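Presented below is the structure to which this report refers.
Chain naming follows the written order as A, B, C, D and E, and within any one chain the residues start at number 1.
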Amino acid sequence: MTAIVLGASSLGLLYGERFIMTPPPLCQTAVLLMDFLLLGYFLYVGIKKRNPLVMGLTVLQALPMAYFELMGWGHHTEPVIVVDRLSVLLGIIINIVGPLVCIYAISYMGEHEDHLGLSKSRQGRFFLFMLLLLGAMNGLVVSNSVYWLYFFWEVTTLCCYELIRHDATEQAEGNAQKALWMSLVGGVAFVAAMYVGHYAADSIAMDRLLVAQPTSLLLIGFGLMALAAFTKSAQFPFHSWLLGAMVAPTPVSALLHSSTMVNAGVYLILRIAPAIRGTSLSWAIALIGAFTFMLTALLAISQRVSKGILAYSTIGNLGLMILCAGINTPLSYAAALTLLLFHSLSKGILFMGAGIVENRLNSRLIDDWEGLLGKLPFTTMTMLVGMVGMFLPPFGMLLGKWVAMDAVASSPTLEGVPLILLMVIGSAATTLFWAKWLGHLTILPIRERHSDPEVLLAPYKLSLMTLLGINVLMSVGVAFAINNLVVPILVGSYGAALTTPGLGVNTGVGTFLVIPLWAAFIIVPLIGIYLARWKGGSIETPYLAGENIGEDGLSFRTIADSESEFKVAGMFLDDVIVEDKVARFGVAVGALLVLLMFVLAVI
Amino acid sequence: MSENKTKKFTVFPFGPQHPVLPEPLQLKFTVDEERIVEVVPNLGYVHRGIERACELNDYRRNIYLCERICGICNFMHAMSYCETIEKITDAEVPDRARYLRTVWAELSRLQSHLLWLGLFADGMGFESLFMQLWRDREIVLELTEKTAGHRIHLSTCAIGGVRKDMDEKLIAAYRSGLSGLRRKMDAVAPVFRNDRSVKAKTEGKGILPKSRAVHLGAVGPTIRGSGVSQDMRTLGYEAYGELDFTPITYDSEDVYARTQVRLDEVYQSIDLINRALDQMPDGPILSKSTMFPDGTAINRIEQPRGEVFYYVVGNGTIHLERVRIRTPTLPNIPPLLEMLIGHEVADIPPIVLSIDPCISCTERITYVNKEAA
Amino acid sequence: MPKMLWNIIRNLLSPPATIRYPHVRPEPVPGLRGRISFDTDRCDQCQDCERICPSAAIKVVPEEKRIEYDPFRCIYCHLCVENCMQKAIIAEDVVRPPEYEKVKEVFE
Amino acid sequence: MNENYIVNIVLPVLLTLGAPVVGGLLMGVDRKITARMQSRVGPPLIQPFYDAIKLWNKRPVIASRLQPVLAFSYLGFSLLAFGLLMFRQDLLVIVFTTALADTCLITASLNSKSPYSYLGGRRELLSVLAYEPVLIMAFLSIYMVTGSFLVDEVLAYRMPLLIQLPAVLIALVLVLIVEMKKSPFDVSASGHAHQELVRGVYTEFSGYTMAMLELGHWVKVTLVLSIVTLFWAPNLLIGAALSLAAFFIVLVVDNSYPRLTWRSMIKTTWGVGFILILANIVGLNLMGVI
Amino acid sequence: MKTKTKARLKSPWVLHYDCGSCNGCDIEILAALTPKFDAERFGIVNIGDPKQADLLVVTGPANRRNHRVLKRLYDQMPDPKVVMAVGTCASTGGIFHNCPNTLGGIDKVIPVDVYVPGCAARPEQIIDGVVLALQKLSEMSEKEDD
């Protein structure tokens, strides 16, 4: 219920122009109080779990915060709440995908707890944090005061921590703490950014900071914010927490990856992007994004665990958005927004589908998912469309990637070249890991065995179908979506870059014919189906060098006339892409790049 | 994440029908991604029961049966069989026949090696090289045809000598044909020796260390490529003792070395034939013996693929008591299995072909490798 | 530089090595081991050929003065030709053409 | 009917439909020239069409219900990509559409449960990984010179691209080798020389599904060759000669190399391709052209 | 002649299976593909995949182990298809007539359309055999249309 109201209200906001509000001081005091409560809780966690990293980072932000507060610097923050078109876009994403995930979670948690054999349901606690996370995200995107922003930021950290450790296993606990300390690094950066904001522009209101004269100091502030964003968006070198988050029940991942949490980071960068246009800082941010995109695309190839692929893909796509935001041209900004929108829609489907499959098959290894199309046709079809939606035309994600490529190409040659190189490699690797997974899911048994029809609970169907429907509709009507959601944001700070004449989307350097491509995308397989009906053909056994046995043809005769079943295993190239090594390399290079970012900010 | 390390393997049969293998042999591969972790050979698709048939037949007809154990080294099989019977019956082979046999044996080797080099090129996916080598091989086949009226089976060997003689015209044809072949080989040899891409396919692939080669009992170019100078021709059977023969060996123990051995042997065979033609004495070519074989003899000669071993027991009748033939591919299969492990699927054809498998030779038993199975 | 390059260029510039069979039928090599036929007039039914034939493709029926010969069993070794005392087996230098059916040739 | 209408709609449609014909003829030329390089006579020029018609008329045998649909989609999307080129559309969209077509082929080969086809499909994926970035980089460099991704604008560019982007053309030849499945990069399936994977990605196709794949393959080859043609845009005849020259070079390379592994394929296309393209871009930048 | 039939005649793709031959015929089949005889002039391609082949070329006698492979390969070839037994031993068993493990000619296992004699069959004979096989294919093709 909450879900629908939230969704509707955010859609309502879409047609308001700019909504400004400053709540009474009482609220601010309340926020302050809650903030310290929160930090107190983190400290408690740190002490209880004997995690010096958590303790240290908490203290590192609590003390400066207290000092900041004592000096009374945090009060020049009017207006506290500003709702502009960027907030609205984020709001729409949060409030459409988020509630759908919650609906999905109703069914999922039931199954999940059956699975674990819990005597006492912990669902109450679970949904509390889920909804709190949604609320915090909503608060985050409308806050103008850095102080409030910081508060909501920490609330998402809390929710994330609690949700990851929900299953209370040892691994969950460990990963939750990792997520916590990495997010706290972001918190520390945030507090530092507040100080910088105060000294450089005498304000901690976002809108003032953004229009202030960009000095080196202010750029460092923005750099700190970007650092905070990297922690939330799990960019290198902070990528590992998001992978660890997979231990949580699937709805958590769905929520974290698609509509909340990770988007917070991208949102923050998108927010500060107009202020750092043309600076080296911006380029450095783009470089980190591009690097993350490339490396995670390669890492995703090496993943055998379904959620691992999805997680790397999320990190990569966030990297792509950050790359676009960092390039910081009207076109790239538009690309980032388009990607943000469609990524949420597609990733939600994939995580939800993956969750269902995991519950049914009891395995997260995609090798075990072979031939899923025959076993769970509905879920698999949905997932297949979701996957196609991630990397192939004519879906919105690809449109976003295409705009991004146009944007990267339009950046100055020598600065653009490394970005381009990273991006094209990443893009090709993306095709590789999606396509191989896609193919693996569609392996069909030779003889169609009549297995039990797939039974799906209503909330599953509802959430999957709705999200898929929205994704497809948005992709078909991408012109509408761009005109109403993306272009208004651009008009404010950049000036329109995308036009949507007639059949497609125009970037000024290229045209994406959306409608013809969609028409072809639908018509071609239809003709294919017709042709297959017309020509028909009997299903025959596979080629096994002539030694097949039986009607199924799934085994062959081998030594001493014994039978042996042939097997196919997925491609992971993990002798080339050794995950640990590559990830370590990524963290090292990521850290260097962050350092470079600050160096460039100072210069 | 430990879950991410759970590996699944791909298992698939390679053969019996496979375009890379002209002959039916099944290798069951277990591969990790594309890296081979296990090979299980499965033979016997060509098993016909020739040894048994040899006991059923008139021993004189066996020459033609033995010749058809293998169409590639046909002459050598016939020759080896004849030699074994000659050993039992103490038949004296005329000098000219000995030289003629040597010439034709080397011609067979030429044919076989050229064929192999071509197939090997085809296995590497080098179609033009394959075509070129098989085009040049036609020279040898033409010589065979001129000699005996058939492109493949010479059918010229007989117990006590040979069935056909060579006249001056034919010898001249041999000389000019072989010098033409040498020229053509000169054009192709650098591809095998120095071409970077071919080296990439062969160097370091299918390593068979010298000690393992000896331990596993590899024969022929396979062991000579591992640096062991083992060649039955040094025994000096037929006219080899008079031709100043030294075996060719290479030390790099890989597919490249085996290729080089065979390539060098092509040149060596041309030289040997020329030398044999130079030194060939005049005289009769066949000495008739009417004695039925009674006794036991063994015989070892060097085929293109390595040592072939004949064991014949005669009982004084027209039928033989026992014929046992060990062909060179059989001892080369255990080394092959070792060579394959750890290489990629793309390396399967060059490595498998590097032992020059002749399954129709090997057919007599189903081989079980206890280590691998 | 790939070592094969010159070879393929040379091939490209020179005429193909193909003999264009069956449009052009090359002269048979003298002594080609081709098909055989039996001269029943010269044959004295000694059955030497039947005994010598490695693949048992020849069957001589002395009573009916009939020779059954299976060209799809013959291995064309021409051992019979050499061993026939009467020179009654005629070797041609033409190969036996393929057929739809395995027909036995009977000489009477 | 005004002339604009013909040039903008009718001609591209005709050209698109003609692509399989041109592609088939090119394949015929390929087989003929290859044969001559191997001192053979070779099949007649229209041999590929015989093959395709024959395949189309064979008794239909499929490996899964999905397979023919995907096989047709491969052809359909290849044609779509070619059509986009003929309609003088965005180059990047063309690449993405070919990726869509490739995905259909790969899915079709993966979904027929068969080890050879599966291994072939994986290698096909790797060859996509090998050529796609190079192709996109090539297009980006075209963009940097001409300022647009639209073929229309590229055609209207004032001077032949070859003059400014010679190294990019060489990189495109590499792409062409991978795309045509020629040695040394015929890892996923090869036309002639025998594969360790039998027919690789094509193993489980037969009859009409295989015919559609052949057609799709021809269209894709024609597509890449047409892109090479763009390098002499002011006079497309010279451009066509250029693409034929590229085609010939591919054949020469095919006949002078054995098949290499996918590792060396990716190393070569990425290494050589990227270095060539980057050198070209940076060079132009230093000269102040872009 | 109909285009369909003509295309079939012009494009026989060969699947070669060696049952138990001595290799003599096998290398002659390969020789028929190589420059001197160049069977590709007639569109013959050694395809190696039963699912795409039209012409099954078998050498050597069937034996107790490989007859099922032969049968399976034959079954996997989609119609229309023709089978060619190359060499004496594929036709009747030939010299292996008294080998204990052979079953004789391959016609004991699958229907054979063309027999090519010779031991080993010469490339010329093989090409002639293909011509005969194609005539049969053409008849089959025309019968199919009626």
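Criterion: contacts are C-beta pairs under 8 Å (C-beta built on N, C-alpha and C of every residue); 3 or more make two chains touch, one makes a residue touch a chain.
None of these values were measured; they are calculated from a predicted model.
J.: Going by the stated contact rule, which chains contact chain D and chain E alike?
T.: A, B, C
J.: Work out the mean Cα position per chain and let me know which chain is farthest from chain E.
T.: Chain centre farthest from chain E's centre: A.
J.: Which chain lies the greatest distance away from chain D when centres are computed from Cα atoms alone?
T.: Of all chains, C has its centre farthest from that of chain D.
J.: Whose C-alpha centre lies nearest the centre of all protein C-alpha atoms?
T.: D
J.: Per the definition at the top, count C-beta pairs in contact and tell me whether B-E or B-C has more.
T.: The greater number of contacts lies at B-E.
J.: I'd like the Å distance between the centres of chain A and chain B, where a centre is the mean of that chain's Cα atoms.
T.: The separation of the two C-alpha centroids amounts to 63 Å.
J.: State, to the nearest whole Å, the distance from the C-alpha centre of chain A to the C-alpha centre of chain C.
T.: 77
J.: Could you tell me the distance, in whole angstrom, between the mean C-alpha positions of chain A and chain D?
T.: Those two chain centres are 34 Å apart.
J.: At what distance in angstrom does the C-alpha mean of chain D lie from that of chain B?
T.: Chain centroid spacing, chain B to chain D, equals 43 Å.
J.: On chain C, where are the residues touching two or more other chains?
T.: Residue numbers touching two or more other chains: 2-4, 8, 11, 16-18, 20, 54-55, 75-77.
J.: Tell me, which residues of chain D touch at least two other chains?
T.: Where chain D meets two or more other chains at a single residue, that happens at 35, 37-41, 59-61, 115-116, 118-119, 192, 194-195, 198, 203-204, 207, 255-257.
J.: Among the residues of chain A, which are close enough to touch at least two other chains?
T.: 540, 543-547, 566-568, 571
J.: Sort out which chains touch which and give me every pair.
T.: A-B, A-D, A-E, B-C, B-D, B-E, C-D, C-E, D-E
J.: Can you name the residues of chain E that touch chain C in the complex?
T.: Chain E residues touching chain C: 35-38, 41, 88, 91-95, 97-98, 105, 107, 113-119, 122-125, 127-129, 131-132, 136.
J.: Report the residues of chain D in contact with chain A in the complex, numbered from low to high.
T.: So the residues of chain D touching chain A come out as 59-66, 68-73, 76-77, 80, 84, 89-93, 96-97, 99-100, 102-103, 106-107, 109-119, 121-122, 125-126, 128-129, 132-133, 136-137, 140, 143-144, 147-150, 198, 203-204, 207-209, 263, 270, 274, 278, 281-282, 285, 290.
J.: Note which residues of chain D are touching chain B in the complex, please.
T.: Interface residues on the chain D side: 34, 37-40, 115-116, 118-119, 183-184, 186-187, 190, 192-198, 255-262, 264.
J.: Along chain C, where are the residues that touch chain E in the complex?
T.: Listed in rising order, the residues are 16-22, 25, 54-57, 70-77, 95-102.
J.: Can you list the residues on chain A that touch chain D in the complex?
T.: Within the complex, chain A touches chain D at residues 371, 373, 388, 391-393, 398, 402, 405-406, 409, 413-414, 417, 420-421, 424-425, 427-429, 431-432, 435-436, 438-440, 442-446, 448, 509-513, 517, 520-521, 524-525, 527-529, 531-532, 535-540, 542-545, 554, 566-568, 571, 576.
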